[in-house]
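Each of the two complexes below includes chain A, the first together with chain B, the second together with chain C.
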Partner chain A sequence: MQRRDPGAPVMCRKSPGIVVSKQLLRERLPYRPLWWRLLRGTEAFAYVLMAPAILTIAVVVLYPTLTAIDISFRRVDIYTPGSARGPFTLTNYARLFGSTAFWQSVQVTLSYMVISVAFALLIGFGTAILLHQRFRGRTLARMMAVLPWAIPPVVAANIWWWILDPSFGLLNWVLLKVGLIKEPVNWIISPGPALAAVSMVTVWKGYPFFVVMTLAGLQAIPQDLYDSAAVDGAGRLAAFLHITLPALRQILALATLLTVMWVFREFAIIWVLTGGGPMRATETLAIMTYTEAFAHFRMGVGAAVGVVTLVISTIASIIFIRQSRKEFY
Partner chain B sequence: MKRQVHRAMLYILVTLVVGVLFFPVYWMLNTSLAAHDQLYVYPPRFVHPNPTLAAYVKVFRERPMVRWLLNSLIVALLSTGFSLAISVLAGYSLSRYRVWGSESLGYLLLASRMLPGTLLVIPLFVFMSKLRLVNTLWSVTIANITFVVPFATWMLKGYFDSIPRELEEAAYIDGASRLGALVRVTLPLSSPGLAATALYSAILAWDEYLFARTFLTTNSVWTISVGLGSFRGEYITFWNEVMAASLIGTVPIIFMFLLLERHLISGLTAGAVK
Partner chain C sequence: MRSMLVRVIVLVVAFGLFVPRGGAAPVAIVLRFPSWQQDEPGVSEWWKEQIAAFERTHPGVRIEFTKVPLAEHTDKLIAQFAAGVPPQIVHVPAQTFFVFADRGWLESLDKYAGIEEVKRTYHPLQAKTCVWRGSTQCVLMLNYGYAWVYNEKLLKASGRSVPKNPEEYLETLKAMTDKEKNQFGIGIPTLPGFTMVAHIAVFVYGAGGRWTDEQGSPAVLTPQVRQGFQWWKEAVLSASPLGQESGRLRQLLMEGRVASYNDGPWMHGFAKRANPEVRPYLRAAALPVRWTMGGPSNVVAIPKRASEQEKRLVWEFIKSGTTKEAQLRYALAVGGPPPRQDVFIPSEMKRELPFFDVYAAVAKRAVSWIPFGLETKANEFIKVVSEHAQRIIVRNEPVDEVLRDLQKALEALKRQ
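Showing the complex of A and B:
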């Protein structure tokens, strides 16, 4: 929040027509010395309530994050706290930005995100439109369509690992039967299909969120809009294009942004299904952070990749906060 | 006539779409009921002629499933308990008071929620080994707090926002203290919200894989999600066992999900729609 000049007129929130001076408002409060406000007053109570949360976040989130940033600037393979810190160095970042693996990982992350989010959006939106119609058993159908959201990511990876099995898996059987492929695809062992496989599971876990959000958005559109459009002679398609879509624009943008950030950080699905392989074909930045630190035992490099993801997600968070302020306040 | 055709088409479309989307869950159930000699058959069987619970028996006999489930339950309860105790207070403060720093705390919590876990796990692992907490359930509980507290605080703030302030003011007039008003008036009124937040937090903790996989190295302290992730990389895969174990690990979540259904949206968007 930007600071305002204390004497500047402000709008009275309850009746927006009335403009009062903030100075005036303040003068009506009884004067309390600073110590009183800090120890006894409402403000003190507000701070006491916040204290456990602030303390917790400081200890388990902020301090570790700062440590991780620190590790990324040291030559560390396996970091032990208390041991003498190495000198400040940019080696990890130099090694990272000079390696092809990093840039390949950036590329993998981008394709994985775009494919997964786009399909989740399309499938989720379409399903929601369908389930918004009136029919018998609608509640059950909605429950069944949203259920994948509740399946633990590791379980989702296991189910799809079985469906994608090259010899006895269901997907290859269906695709062969329909004639889309001529011979079984080695989903998890060959690079291109592996990325597709990982995206499939992500889409399956991610589309229910779009269903729930779209349904909520659809319910909020007043029926009058459609009635008056019908009076004006608009067809169903026109009503969809000019009423439904604009009304859902905000909620879909929000859902997309949240899903993008979820996919960006996704670990369990990829790790269980492919472990980042084959030949780094599914190694997103999140997976690379982990592999460098815990499989190759190069915590410095791992932390450097992690800091890159931190910067990206911070930028996304800022965009997100700006956007949600603009659209939802 | 045209209307009936329309209806029929709608039902066919719904069955088709929901059928395909739901199919993997059915496939898990179907495979878990297959006998060993039914696994490697071509074409795949959509309904097994003689379903058996053999895979379930084998999974429980050969792996410490009960231990894993129990560990997950402990972690879920502890993470939810601690987080809720912290979040109820913070959520209430954010909802009712606007002091210097409230807004920053709100954004700090949002940012923590968006933090990549793969970055956080590196320093946390270092601290956990320093504190000799590796291979204990405490390590996972503490790590879970990093994402459950931000989430629960925002979700609870939303619920507190929906409870009118006037009720607390009435309590003040009757002589209640600030804390008294919170404990005796606001909390009882927001019990559905509290329950939903608790359920949601428990689901998050139950599903957690990254921290548990990293901090818990011997299989007697694994949580169920680590156990379920361990089938990969074994020499031979018996799909009926993988699916039986996965189904067992999912049942508690599905149960919680059904209880939560009405509150789903407030949880999914906690902190997003203000």
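Showing the complex of A and C:
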């Protein structure tokens, strides 16, 4: 059998006119192991490449989730990895569904979510429409508008705690000065105002996300659509209702979905401002999960609250995803 | 050029890694010591001196003294114990010590040399607090009583003198209050949590009430508890800023915006940081009630999960703080009597501590506010009491009605 000269030139398959030396190819192309060369181009190759990411997700997300689901079905006070597991039981769920505190927590979570997301959406959308106009200082205005997003939640909550202080806070002082209230509002220790306060801070922290998303969406709408509409005699309101809003539908649905998820698991703002109080008025499911597991040392019950939260947020996600499937273009 | 740069970087890194720094001994063992007292004025300096002295006599051992806020301390420790990685030095408020002891997480100290001296020389609360199921599992750091720390200038301006009974006390607080000017007679924490319940206990225990009876059953339907809650409600609604926590209230006292605050001997450390125009007028007096709230404040312990070598080192560290000399320095740092009873504090040393004698007197007659019978459910107890108490001041619900609900809630907690 005749041996080939390793340095002999070969023809490039894709561009037959180009002839290169094999030696040159070996020197320039990186070394690939045998398994790489064998699997390349096959379906298995894709799985091999994805394996590190899948393994990481399995360790970081899947294992804790499965563990939480497992201990939610067992009587566990304090979970220690490797400790003997008790028998399967529905006690935690029975206890949860039979307690008024849980249902109050569900109600608080839904109220908090609806108020926070609705206001963040309206304010964020309105701000984005304004910031989409041409005016002097627009870049600075855009920067200022998204600033709350960049502030860590714990820092933001502490700043607001000082602003909302019932006796010495800025907000009460301003409201008293302008005559909107006659006596200081107990923002942190009265149930109604406390929920309003945590929602207000969540809106302040969350509306910039809508601004960024909406601005991106607005910039992607072709000007031709507005020009055609103008030729057809459409006014500004008609263009807004029939072009801008439908074009932003998908992006707003996505932003709303992500904000709903964020509000559902929001912990830092509520914990720093009210700790879930007063009288559980701001105890969302996220706060309840923590207090049951780490304050009352009932990790089984805490895990059950977490699982219920997971189910509710999954259902919410499915509804939103279905709603947002309608294409505009 | 690039290879030259790489060589320089490698040399610098190698130099940093392998050249001994300042001749310090390499650290072989690190003992973790999380505490809320890491930056607390007064007592933190004592801890730091103890750590420095220990590290000098134990080359290769380093104590990692880190800050964890009191409000989060117990929860974080629980999580660390549950994960099997507790800190080697366990420092907890006495109220939550039982949560750890009850789960069998703490080492018995009875086998260590030196514990007998602690048992012999320490305040009786050492035995009452630290002996759990027959074995000594902690060392008491401080026993205390609350006193009334007030601004004498504001007291005189109100035309009142130091109150001698609860009725005078409440009238004095009201007289020092001018809500129009954001000036308050007293600061009482009203955010749910440990300090809120501690400050309710000042009134409840002051009136002779107790959370539980001698059998450890909830007992909040007594006339004394009712009286205590009434006093607390009156003081909060008429003379205190609402929605505040202890750190902020101490600061307001130091700024002269609240005229008084009920607190333990650690107030000395905070008073040193008061505004110059307020500091000279700060005074302390015993609370004008028959029983003073107080008892064991905080304890140190060793986790069972530590290695034998670590346990031995931690015990040596704890023991170094129980000597007469260390206890004398502790008394001066914390501003109150130390748990070791045979320590004599010369009067010239107490000059820097103007409230010392008051705190020494109240510590002697202080009553522990630990809810015996519910001590292993301390966190939940605090939450239940806070929530019910808030109904009284936020919704203005009748004390009797709230106490009936509180009794039921505590009984349910006891049954769990």
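Methods note: the second predicted complex is superposed on the first by the 270 of 329 C-alpha atoms of A that agree within 3 Å, B and C clash if a C-alpha of one lies under 4 Å from a C-alpha of the other, contacts with A are read in each partner's own complex, and residues count from 1 in each chain.
Simple rule for what comes next: contacts are C-beta pairs under 8 Å (C-beta built on N, C-alpha and C of every residue); 3 or more make two chains touch, one makes a residue touch a chain.
Since the model is a prediction, treat every value here as computed from it, not as a measurement.
K.L.:
Do chain B and chain C fit side by side on chain A after the overlay, or clash?
P.N.:
clash
K.L.:
Scan A:F168 for contacts with chain B and chain C and give back first, second, both or neither.
P.N.:
It touches chain B and chain C both.
K.L.:
According to the stated criteria, A:W187 is in contact with first (chain B), second (chain C), both, or neither; which is it?
P.N.:
Second partner only, chain C.
K.L.:
On the A-aligned overlay, A:I243 touches which partner chain: chain B = first, chain C = second, or both, or neither?
P.N.:
A:I243 sits against neither chain B nor chain C.
K.L.:
According to the stated criteria, A:H296 is in contact with first (chain B), second (chain C), both, or neither; which is it?
P.N.:
Only chain C; A:H296 stays clear of chain B.
K.L.:
On chain A, which partner touches more residues: chain B or chain C?
P.N.:
Of the two chains, more chain A residues are contacted by B.
K.L.:
Touch test for A:V260: chain B only (first), chain C only (second), both, or neither?
P.N.:
neither
K.L.:
For A:I71, select first, second, both or neither according to whether it touches chain B, chain C, the two together, or no partner.
P.N.:
first
K.L.:
Is A:P278 contacted by the first partner chain B, the second partner chain C, both or neither?
P.N.:
After superposition on chain A, A:P278 lies in contact with chain C alone.
K.L.:
Does the superposition put A:A196 against chain B (first), chain C (second), both, or neither?
P.N.:
Neither chain B nor chain C is touched by A:A196.
K.L.:
To test your reading of the overlay: chain C has the stretches 8-16, 44-52, 80-88 or 224-232, and exactly one clashes with chain B. Name it.
P.N.:
80-88
K.L.:
Which chain A residues are contacted by chain C in one complex and by chain B in the other?
P.N.:
79-82, 165, 167-168, 275, 294, 299.
K.L.:
Hey, which residues of chain A end up touching chain C in the complex?
P.N.:
78-82, 165-168, 186-191, 275, 277-280, 291, 294-297, 299
K.L.:
Please output the residues of chain A touching chain B within their complex, sorted ascending.
P.N.:
Chain A residues touching chain B: 1, 42-43, 45-47, 49-50, 52-54, 56-57, 60-61, 63-65, 67-68, 71, 79-82, 123, 126-127, 130-131, 133, 135, 141, 143-163, 165, 167-168, 170, 173, 204, 207, 209, 212-213, 216, 254, 258, 261, 264-265, 267-268, 271-273, 275, 286-287, 289-290, 293-294, 299, 302-303, 306-307, 309-310, 313-314, 316-317, 320-321, 324-325, 328-329.
K.L.:
Taking the touch rule as given, give the residues of chain B at its contact with chain A in the complex, in rising order.
P.N.:
Going through chain B, the ones touching chain A are 7, 10-11, 13-14, 17-18, 21-22, 24-25, 27-28, 31, 39-44, 85-87, 89-90, 92-94, 96-97, 99, 101-103, 105, 107-112, 114-127, 129-130, 142-143, 145-146, 149-150, 153, 178-179, 203, 206-207, 209-210, 213-214, 225, 228-229, 231-232, 239, 242-243, 246-247, 249-250, 253-254, 256-258, 261, 264-265, 268-269, 272-274.
K.L.:
Please name which positions on chain C make contact with chain A in the complex.
P.N.:
Counting only chain C, the residues touching chain A are 75, 78-79, 81-84, 99, 103, 182, 184, 190-193, 241-244, 252, 257, 377, 379-380, 383, 386-387, 390-391, 393-394.
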